[in-house]
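Letters are used for the chains, namely A, B and C, taken in the order the chains are written, and counting of residues starts over at 1 for each.
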């Protein structure tokens, strides 16, 4: 089992090495479990330092919508590509899609399932389709801190399952939350 | 061909058996074609009786957004996990994503492609990103009944394809619908 | 490598051949890289001429939501299926989902990540969950034309990577855009 994980990691390393040869810019300390879909022009994508990328994330650097009008003489030469820049210390949630021309961050979180069609400012939590900022990272961090129970780190590390089952018994989350409006 | 399906079903049974050993709670009469993604903490997920789960459904029990602020001393101990509870007789449509801390139902339907970020009340049809209730299940059931033509069940079972091609000829659906506002 | 691509294309051809035998109607000049998910009733789907389909597109012809009320005697016979018709010269972006009873186009573009729950008129760009028209194809084409730099086609074809890196250096996209409101 450990060997399988080790082989999967090496395969991921190889894929990233090949994408870099194809022009992808990505910092060494980025964190992902499975390979994102970097699309057909990886050289148009720049990923900064300490970026976390969850499963199923897609980067789209080419707007294929030209398909419906490029056969007209007036639009014959139309091409639509856009660079994508995810700046330092961002987090892209599961199944996030990022459209051509978008810049994100730094220090921004894109919630799972979001479709990012426009540039996202630094230091925000954004979500939705299309993705929009819904709170600042400071609010988000403070909210998360308030929702974290006082706990024993050694206990958490020793038996995460028993710990989380105890911590989340009442209500859904780790603690009743002070919800934002 | 039948053997392949049989093997696929046994593989699914094995996966569910292993997930239950990891702490997943799921009733025996739940219905899914392919294995949902139960994430990294299956022991935080409870699925009630007679729940239908379409392809590509994801359960997220861990908010990874802490990635962007946990390196700050103030937020060093922040953890964000949430239980997910899908109550009896729900239906989760294709590619639905369910976020930490969410409770759904009972008797609620989550439309395909929805991202469920907040708890969904019982007896509603919810859709969108973020998912919101759009009608009651009673309205939905009555609407569906009104849209069902009078038909011969034996004919439907004998040749579903010929039956559906006949039933849906005019307009897109099984019958012109009385649309809700 | 070329052989692998060739084999993948033949496999795709075989899958389409089989889907047509199952009743799918799709024109010969449609364009897709990977096989869409045509669901359980491909005979309810009609795809017109010169339609482009990106990766991960799903067609849903059966509303599974009846799962939650069909066990009640009043709703025992309720069935919900709907034909899907994508008319000529459309483009379906990555991970688009199309619901039962929907007609699209002709000449319409569905943006990546959209969930199409209602019929989309001809000649529009639609996006979102649920998908709504956001501009006409004429506006979209003119906007795209305005954003295309004057370029040498021979240079583009000779070295796409060098060309795109040069063309997109300033700002994210191929050229500063006149954004719609």
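In the analysis below, contacts are C-beta pairs under 8 Å (C-beta built on N, C-alpha and C of every residue); 3 or more make two chains touch, one makes a residue touch a chain.
Bear in mind that the values here come from a model prediction, so they are computed numbers and not experimental data.
Visitor: Using only Cα atoms, superpose subunit B on subunit C and state the rotation angle in degrees, rounded to the nearest 5.
Guide: In short, 120 degrees.
Visitor: For the copies subunit A and subunit B, give the interface type as same if over half of its residue numbers appear on both sides, and as different if under half do.
Guide: different
Visitor: Round to the nearest whole Å and give the separation of the Cα centres of subunit A and subunit B.
Guide: That gives a centre separation of 24 Å.
Visitor: For subunit C, what residues touch not just one other chain but two or more?
Guide: 129
Visitor: Please give the residue numbers of subunit C that touch subunit A in the complex, ascending.
Guide: Spelled out, the residues of subunit C in touch with subunit A are 31, 52, 54-55, 89-91, 93-95, 107-109, 111-114, 125, 127-129, 137, 140-141, 144-145, 147-148, 151, 153, 156, 160-161, 164-165, 167-168, 171-174, 177.
Visitor: With touch defined as at the start, can you tell me which subunit A residues reach subunit C in the complex?
Guide: Of all residues in subunit A, those touching subunit C are 23, 37, 41, 43-44, 58, 60, 63-69, 72, 74-75, 77-85, 97, 99-103, 115, 117, 119, 129-130.
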